[in-house]
Every structure is written in structure tokens, then in C-alpha cells.
Amino acid sequence: MTTALDAPPLDPILDDIVRTHRPQREAGSVPTHIPSLAAVPYNRFGIAVATASGDVFTSGDAHIPFSIQSISKVFTLAMALQRGGTSSVWSRVLREPSGTAFNSLVQLEVEHGIPRNPFINAGALVVTDHLMEETPDAASALLRFLAREAGGPGPFIDEAAAANELSNSSRNLALAHFLKDFRNLRQPAEFVVENYVRQCSIMMTCVELARAGLFLAREGHGTSGTVLSRNEAKRIGSIMLTCGMYDAAGEFAFRVGLPGKSGVGGGILVIVPGHCAICVWSPRLDAKGNSLAGSEALADLSDRTGWSVF
Amino acid sequence: MTTALDAPPLDPILDDIVRTHRPQREAGSVPTHIPSLAAVPYNRFGIAVATASGDVFTSGDAHIPFSIQSISKVFTLAMALQRGGTSSVWSRVLREPSGTAFNSLVQLEVEHGIPRNPFINAGALVVTDHLMEETPDAASALLRFLAREAGGPGPFIDEAAAANELSNSSRNLALAHFLKDFRNLRQPAEFVVENYVRQCSIMMTCVELARAGLFLAREGHGTSGTVLSRNEAKRIGSIMLTCGMYDAAGEFAFRVGLPGKSGVGGGILVIVPGHCAICVWSPRLDAKGNSLAGSEALADLSDRTGWSVF
Amino acid sequence: MTTALDAPPLDPILDDIVRTHRPQREAGSVPTHIPSLAAVPYNRFGIAVATASGDVFTSGDAHIPFSIQSISKVFTLAMALQRGGTSSVWSRVLREPSGTAFNSLVQLEVEHGIPRNPFINAGALVVTDHLMEETPDAASALLRFLAREAGGPGPFIDEAAAANELSNSSRNLALAHFLKDFRNLRQPAEFVVENYVRQCSIMMTCVELARAGLFLAREGHGTSGTVLSRNEAKRIGSIMLTCGMYDAAGEFAFRVGLPGKSGVGGGILVIVPGHCAICVWSPRLDAKGNSLAGSEALADLSDRTGWSVF
Amino acid sequence: MTTALDAPPLDPILDDIVRTHRPQREAGSVPTHIPSLAAVPYNRFGIAVATASGDVFTSGDAHIPFSIQSISKVFTLAMALQRGGTSSVWSRVLREPSGTAFNSLVQLEVEHGIPRNPFINAGALVVTDHLMEETPDAASALLRFLAREAGGPGPFIDEAAAANELSNSSRNLALAHFLKDFRNLRQPAEFVVENYVRQCSIMMTCVELARAGLFLAREGHGTSGTVLSRNEAKRIGSIMLTCGMYDAAGEFAFRVGLPGKSGVGGGILVIVPGHCAICVWSPRLDAKGNSLAGSEALADLSDRTGWSVF
């Protein structure tokens, strides 16, 4: 892997990536159920690379905060694994790709209430419920975690967007009540969904997200110290690779070859194990819900740098 | 990745792996639709590691031929990608994990005849059909490919087992006719299934399979020269990681962290990119159809060596 | 049909039906999500026949109130059809058998939020939502409708049971939020479920239910006057026959040959078009959720009387 | 039911039905997998009513033979029930509406190889297989049955159409092999499909089909004597009502209110229990695969005559 790691200087590559992939005209879509996301200009594009040695390279709109949405699921999973009884979260959620849409109820019914993985919505609701047992305000705890790893007070919850999204959360409420019916939710469904939506509404920049994800590239060692054991960090990477890009995980592994997690805010967090964490952001989405320009840019970057786990 | 690569000497580790994981008593299951597999003694256990530098390390029953079954799918996919018009095979099969059993017809109906990936049976039938267009006897061509990469005339087709399995191939015939109904099969369904079953009935040893798979660990360079481009080799690795272990791909990535492909003959081929190809074999299967002792052994080996792509 | 209608005297037949089918020992099951139903003695068994000419024949526990549960869906559908804009309810719910469990979310997802018929839970929630637009307290309106047709103040809502069931309504809440996500629910999900549960918790006797259902056997003419047009009454009958017995509608049509609607309280309302309405009640259920002894009794009664629409 | 039975004189009604419903311009579709059906002029329209008292009323193209297709399933089921061990066919096929397309493999997989009812393709293949155990040439036996009941040598197999359809039978071959995989097919899959296709390719006129179906309206008494017991005849009626119109059975019951069975050749056989058998024919189909003009005509006829089982 990554034999070409140290060869190319990153700055000109990132600048060229931005030149090549920043959208020149409107394309792709925005999620209809989250009104605030539709307001973001289509031509936003940023990228940041935080290396294991502590450097950060950036280009484009890497310092503009955006809604992290489902990228939050990587970090809530890490927090759940930090808790002592880590075994219990794995008794409530599987680690398999889903083969269906991220918010499907079908698989949940077939699997009798055990979500396929922690990155589909049902699985993330279970992880949130799990965190809330110890920390009722799990969203604020996540915010503290992210600020610590990002190295500053930048991350914040867009409460207006959260309130707005919450009023459009029928699908997530359905999932939560369905989980409760299968006795796989312990807190009240409404509370879990509210907490989950607030997590998704956290605003961060590419730089902050790349720094916050660095522990996954450094065998568990984050910017603030040890976050997880080496094994647990690697395992989050494996789940990102097999389940991190909604129903396009296989395609992303095929084209980019790196563990990644996307959010419908247009961000994608990618890990180059042993070397760096990358965050790219561009708000318009492809048919599977992943950043259109962001996915293209990462495939390009992988080709140019040789970064791939395969 | 794999920082511990050169540290531990392999021979004592493999011997200890065999001591620890060779089944002491009957456990697991055998596939009911392939009678010949049930006759293999339950306590067979072998392992071989073929390194990028040309060494082969072995322990246990690494020189006893067994039925490669679905491991053949890795090599027929490689052969399909070798053909000039490689684009066409990807127009007929996707690259996404399936989320259902390997021989399910449900997903195929939902996806209108485009198999989710080349490693579920429907996808492998399409790949075989694709090969047969140029090489009607694709099974014999595969045998030649395998003998060349394995470095000797060892691999052979167990024709009696193939004939026997063919008479129990109703599910595969159903899949093939279903593909034909969706116009995603060009040869007669019966011919494709016969060819596919003969491919699955190829007998090889752990040593031969590890050597034959080495091109996937060496950016496409096999024992006999260049098999595939670097990119194509890496992409097969990505499909192995996301789709190679039936409906336990996520779990295998989580525990072992390496691209792998299993067969119901009890073999598992695993790639450590840049370093080696591993083949482990033990005939009894877990509930998902993967070698019970083989999976355990690979998790153990990954822990001991630090081999993981994450 | 029913050539033997007037032949056999009913009283001795009903008495013999009770003798034959009243459970002698515990068998079948009770619904786990409605605690109050489990408390009903297993050997309750009652039957009532209300004829088109105004007679009522009874035997066994025909005067003991029980929870009508899903039988209420027949009457809320009738009320929805009574409203002027009847077309609109049929734009929100289909009229096809479901082929899946009564509370499945799968079909709803496949059909994009349009329930297969008004007798599965999702469909009944839509009908309730439809009624609530004009009559927010639809459950009380239903109670008045039932009392009028039953000919007395007997029917009442078991509010304690309703409250209890409401605290176990996660599945119905999931269905309601899911419908809302598909924009096929207009009132707040919680209100619709609460109203629905109160409708299901109405207590009636066999005699009252048989009288209340008589309009379906008399081309729309109820005990209090015209309830529906001839066409609409017949159409409710058709939906009862194809969809009235959960996933055993085909079997019930095969064995009994009459339109029926069951509830998990153990009641079954059956229509003999042109002749009578029958209500049988026995609380223990078969695997499909229909009264075990009640279904047997109706098959027996159909054989003895020749009553069948076929 | 059918209080208006004897009121209206049939001849003028049928003539008016033909005038009203004979297609004036191309509409609807033809099945793409059976080329011969596409050649039938779109404006064909015929109707025949065979009464219990022996009269036959006709109008339009009631004497032109057409391909009976799936209407054959009613008669093969009757033949299977005529055999001594009738119980066995019901151990191999259920009696429930399917809720999915007539040729779906999904339900079959979920139900582990037991078709939902004898009128979906999988169920009809099982019935054919069942007949073939005693009568290998079941199609010819069916032809004799039909000629006897129709009262003449009119029915014949369109062997050219059968051969043509057989070369487009991938879906049915998939179903047959799938059934075999579940051990619910005893003859070779290819033979069963061939026999099934020949049954479907029988050519009959509206008059012949109405006469052949008369035993279902006369408690089992056909034109040639007793075909089935009263109970069995009624039960076929119940399956026609719940499962006879593909995935539009509920809608047909709702609008027409009579047991019916359609074929993609454009024919629909309908039973008015105790009174008559009706066959309507018009070749263009609606989205569910039922005759477009035929369905409309039957709804109209039901409204005019009051014929309905509800």
C-alpha cells in the first residue's frame, strides 16, 4: 500500500484537485428533507489532509463550516467503543453491508430489529441510544469530543437547522419506534431522534474534520491522546470501507480503495491508514447520497497519489 | 498497514496456527448439495503463505488438493478483466455487497437481472457467460491459467464431483434462466451452469492457491508475468474485501481486515497487499458458508502478525 | 348460493356448534402486546346470528362483551365511505390482499406509502386519519355509530385497556410515522395512533356486533336505516373476503366461503349476503392471529347450513 | 345475491356490452414474451354466457378461438382435485393471494418453495407436475377434458405458438428449477414447463370456455356429468375470487364481485354461482395483465344485472 506516500508534494496536488473538481455549474441534488442544506451554494468545494506527522494541507473552501450529517456516525461509534462495556453495542447492531437504502425499514424487519451496521440510520439510532444511557445529552458530548480532537472550539450545533430537520424526521421516528418494537431502543424514541438530529447538525470545516478523524489513521492515537485501542481503530476503518458510503460502498472501495464516510451535507471523511485523514466537501449529491464532486475528487486523488489499502 | 511485516518469522507461527486451529472434533457443517465435500475428513487443516519475494511457507495439510469452489470466482473475474473489452463485464454486474444469501434470487429480481457483484452465484454465472463468448470451454482455460500461476500441473478438475454437483444444480439453473429472462445471459443456461460447476470442481492445494493468487498481492504481477494492471489487481482486492465472504464480508473485514474469498470446499484465499497471498483450508463450514476453523485461524494470524489493510 | 338458507332451524345448530367448539383446554395464543386480552378465560365461546328479517339467534357467551379490535376496521371504513368525498379515501389506500403480516412495514415501503388495503394496520391508520379530518374524536363517533346499529348503549371503550395498549404501540407508531414520511397521514402520528387504539378497545357482545354488521348483509340497510348504498355495502364485503382474515384470507374463503373480519380479541364478524350477519367469539388465536375455535366453528357452520357465496 | 337474476333479458344486454366496450382504437398492451398474441387485432371483443339451465347467450366475436393462457389453470386445478389423493396437491401449494406479480420468484424464496396459490405461475407448474405423475401428457388430457365439457372437438393446441412461447420461457424455467431446488417438483423442469406452455397454448372460443366452466356454477355438475363435488367446486370459486386476476384480484372483487380467472390472451372466465358461467375476450391488457376491455365489460355487466356474490 501507499508506496508513493512520500513522493508527491501535496500542496500543488490539492490545488489542482480543487481546480479540476470544483463544480462549474449546478449538478447533482440536495436532500429534500433537510431544507437548510439546499441553501448552500453549489460551487463550494474544499479539501484538507491531516497527516500522521501533524501537518495539515488544505485547498479551496477548507475553512468554511458545513453540516457533518452522517459523518457524525463515525465519531459516535468511537465514543460507544470507548465505553467500558463495548461488547454491548455489538450485541445490538451488526457489522455487515446492508444492500439497501440507508433509511430502509425492510432490512430491519427481516433482521428482527438488529440493524445491519452502525452507519445506516437505524444502526446510528441504536448507537445514540447506547450513548444516552450514560450521557443523556449525547450530542453535546459528541461536540466536546470533536472540539478536542479538532483542536479548537470551532465545531458547533446549528440549532435552527436541527429544529427544522427534526420537524421533517418522520422516517427516523418510524425507524426509532420500529427499533423500540423490537426492544432494541431503551430511551424514548422521540428523545433518541432529537439527539441524533442534533449530532447530524454539527457544523465543522474540512480542516476540523480531517484533524478529528486522525486517530483512525494513527492506530487510535488522536490529536489529544489515545482515543481507541489499535484494534478498535482498525475495526472502525473496516466498517467505513464496507458500509461507509450508503449503498455505494462497493463502488467507492473499487474506485478509491480507502475507508470513507460520507454525509448528505456533502462531506466525505477518508482514512489512509498509517498516513493521513482526508476531508473533502462539496454540497451537491449523486443518486446514492454521496458528494458528487467529492467522490470524483477522491478517486482522482487516489490515482495521483497511489493511496489505497489494496 | 502491516508495519510488523518483516518482524515475526513465519514458520513457527504457521505451525502454531495449525496446532491451535486444526479441529479436534466434528463441528460446523458441509454443504448438502455437493455430496463429494461431505466425504472430506473434518480434521483436515492446512495453510500456505506465498510471499512477494517468492518464498512459500506452509504447515499442516497444505499439499492436499481440495475443491476450490467459489475461490474460482476471483480468477474468472481476473480472466474477464484481461480481455480487451473489460468495460462490458462491468455493464453486466455491479460491485456492491449483496446483503443477502449468496444464491438468493430476490436481489436479482429487485435489481432487474443485474447481479450485485461478481462473487455471488448470479454474478459468477454472468462472468462465466462473458468468458464463454471467446472461450467456450472456459473451465479448461481457467485450469490452464491456474496451473500457470501455481507453477505446475497440479490443478485438475474432479469430473466425477462436477457431474455429481451438476445433477444437484437446480438453484444455479434457476439463477441462469432468470438471468436469461433479463437478457443478461448469452449462452444457453445449461451450458453456462455446466461450465461454472466444472470451474468450481477444480482441485488445488493451499500452496497452489496461494501461489496462484500472488498477482493480487503484487500489483498484478503473477508468478508467470503480468496478469493484470496495478489498478485492476487492486480493484479485485476491493471486491474481495467488500463481497468475498458471502454475507459475512463485513464481519471478516472487521476481524481479519484483509481481502479474502472463501469457497464451500473450506478454502479461503487472503491477500496482504504488497506482501503475500495466504491460503487456509479446513472443510467444515460456519452458518454463513465460510470455513469455520479457517476463519478463526485467519483472525488469529492477523492478530499475531499485525497484517491488516486498516 | 345458500340454497339451504331456510331449511335448518338455527337454534339447535348454534347450540351444537357451541358444544362442539367451546375449548375444553388451553390452546392457541394471545397477543403479547395487548396485556388485557391475556386475562380472558380461554374457554369463552359465543355465537350470534342476526337475520335480515330481524331475528337474532344466539348460543354460548353471546352476551359477554369482548374487545372488538380489528373488527372495528369494517365500521371505520363504512364511516369513511359515508362521507361525501368518498373518492379520496381510495386515493390513499388500495384494495388488494397484502400477502404479508398485518403489521408489516415492508409492503408499505415497496408501495411507497400506499397501504395495500384498509384492513391491515397501515390502511386502518389512513382511514382513521381520514375520519379525523372531519371528526377529530373519531373513536367516539365510531362508538355512536356502533351503538345506533347495535340497537342499544351497550358498546363502550375500555379506556384502561386502551391506555395500556397505547403504551405498547411502537409498531403502530412506526407505521404512522412511516405513512407521514410518505405524506399519507395528515394528523399528528401520535394522535392517529391514540384514536386508532381507542377504536380497537371498544367492547361489544356477539349479539351487538352481529346486529351492527347487518347492513352489510342487507345491501346497506342497517337496523337504524340506510348506512351505505347497495354498491358500497357489497364492496366492503368484497374487501372482507379478500383481506379480512390477515394472511389467512384465502384459506378462510376456501374453507368458509363468506366475507369475514377477525380481531385479535377473538371475534370474527361474518356476512351471509342477503341473509344474515354472524359474530363468533373465542379468545385464543391461531398462528395467523384469527380465533382458533371461531374459525373452526364457522367452517363447521358453513358445512351444516350450506352458507357460502360460491 | 343476484336477486335480479331472472329479470333482465340477456341478449340485448350482451349486444349493448359489445357495442359499448369493443375497442375503437389501440390501447393497452400485449405480452412481450408471447409473440403470437401480438398478432391478434386489437378490436376483437366477444362474450358468451352459459346458463345453469343449458342456454348459451353470445355477442361479438364469441366464436373466434383465442389462446386461453392462464385460464387453463382453473381446469388443471380441477383435474388435480379429481384425482384420488387430492390432499397431496394442497400439501404442495397454498391458497393465499400473493401480493406480488404472477411470475415473481421473491415470494417463492420467502415461502421456501411452496407457491402461494395454484394460479400464480409457480403454483400452476406444481399442479402440472402433479398431473404428470399419472398422465405424462397432461396437456393432451386437459384438451380432452375441455373438449368434453365444451361439448365438441373445438379446442386445439396451437403447437406453433407453443413452440414459440417455449423458446421465450426463461422465467418459467427459472421458476421450475427453483421449485426443484426446494424439492417441490418431481418431473424434470424442462418437461413440466413444456407441458405447461402447451396447456396455455390451447385455443378456445368464448362459447366453449363458458360451457367448459359451467360446472363451477353448478356445484360441480358439468355438461358431461359430475366433474367435482359441490365442496370442491365452491373452493375453486373461492380461489378464483381471491387469486384469479393476478395482482388485481382485490380490485376485481371490488368492482365485479364475482370469481374470475384471466389469461394474457385476453380472456376472462367468470362464475355466477348457481346461475351461469361467463367468458369475455378482448386481447389488449391493462398494467396488471388482465384484459382491459374485458374487465370494464364485466364491471358494467355486473352493474346492469346485479350479479355479484356479495
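In this document, chain identifiers A, B, C and D correspond to the written order of the chains, with residue numbering beginning at 1 in each.
One rule holds for everything that comes next: a contact is a pair of C-beta atoms (placed from the backbone, for glycine too) under 8 Å apart; a residue touches a chain by one contact, two chains touch by 3 or more.
Note that this is a predicted model, so its numbers are computed, not measured.
Q: Centre to centre, using CA atoms, which chain is the farthest one from subunit D?
A: A
Q: Compare the contact pairs of C-D with those of each option in B-D, A-B or A-C, and report the one where over half match by residue number.
A: Most of the contact pairs in C-D are shared with A-B.
Q: Can you compute the centre-to-centre distance for subunit A and subunit B, using the mean CA position of each chain? Integer Å is fine.
A: 32
Q: List the centre-to-centre spacing of subunit B and subunit D in whole Å, with centres computed as mean CA coordinates.
A: Each chain's C-alpha centroid was found; their separation is 48 Å.
Q: Centroid from C-alpha atoms only, then distance subunit A to subunit D, rounded to Å. What do you get?
A: Going by mean C-alpha positions, subunit A sits 55 Å from subunit D.
Q: Name the residues of subunit A that each touch 2 or more other chains.
A: There are none in subunit A.
Q: Go through the chains and record each pair that touches.
A: Chain pairs that touch: A-B, A-C, B-D, C-D.
Q: In their shared complex, at which residues does subunit B touch subunit A?
A: 1-3, 94-100, 107, 116-117, 233-235, 237-239, 241-243, 247-251, 253-254, 257, 259, 271, 273-274, 308-310
Q: Mind pulling up the subunit D residues that touch subunit B in the complex?
A: Per the stated touch rule, the residues are 104-106, 109-110, 170-171, 173-178, 180-181, 189.
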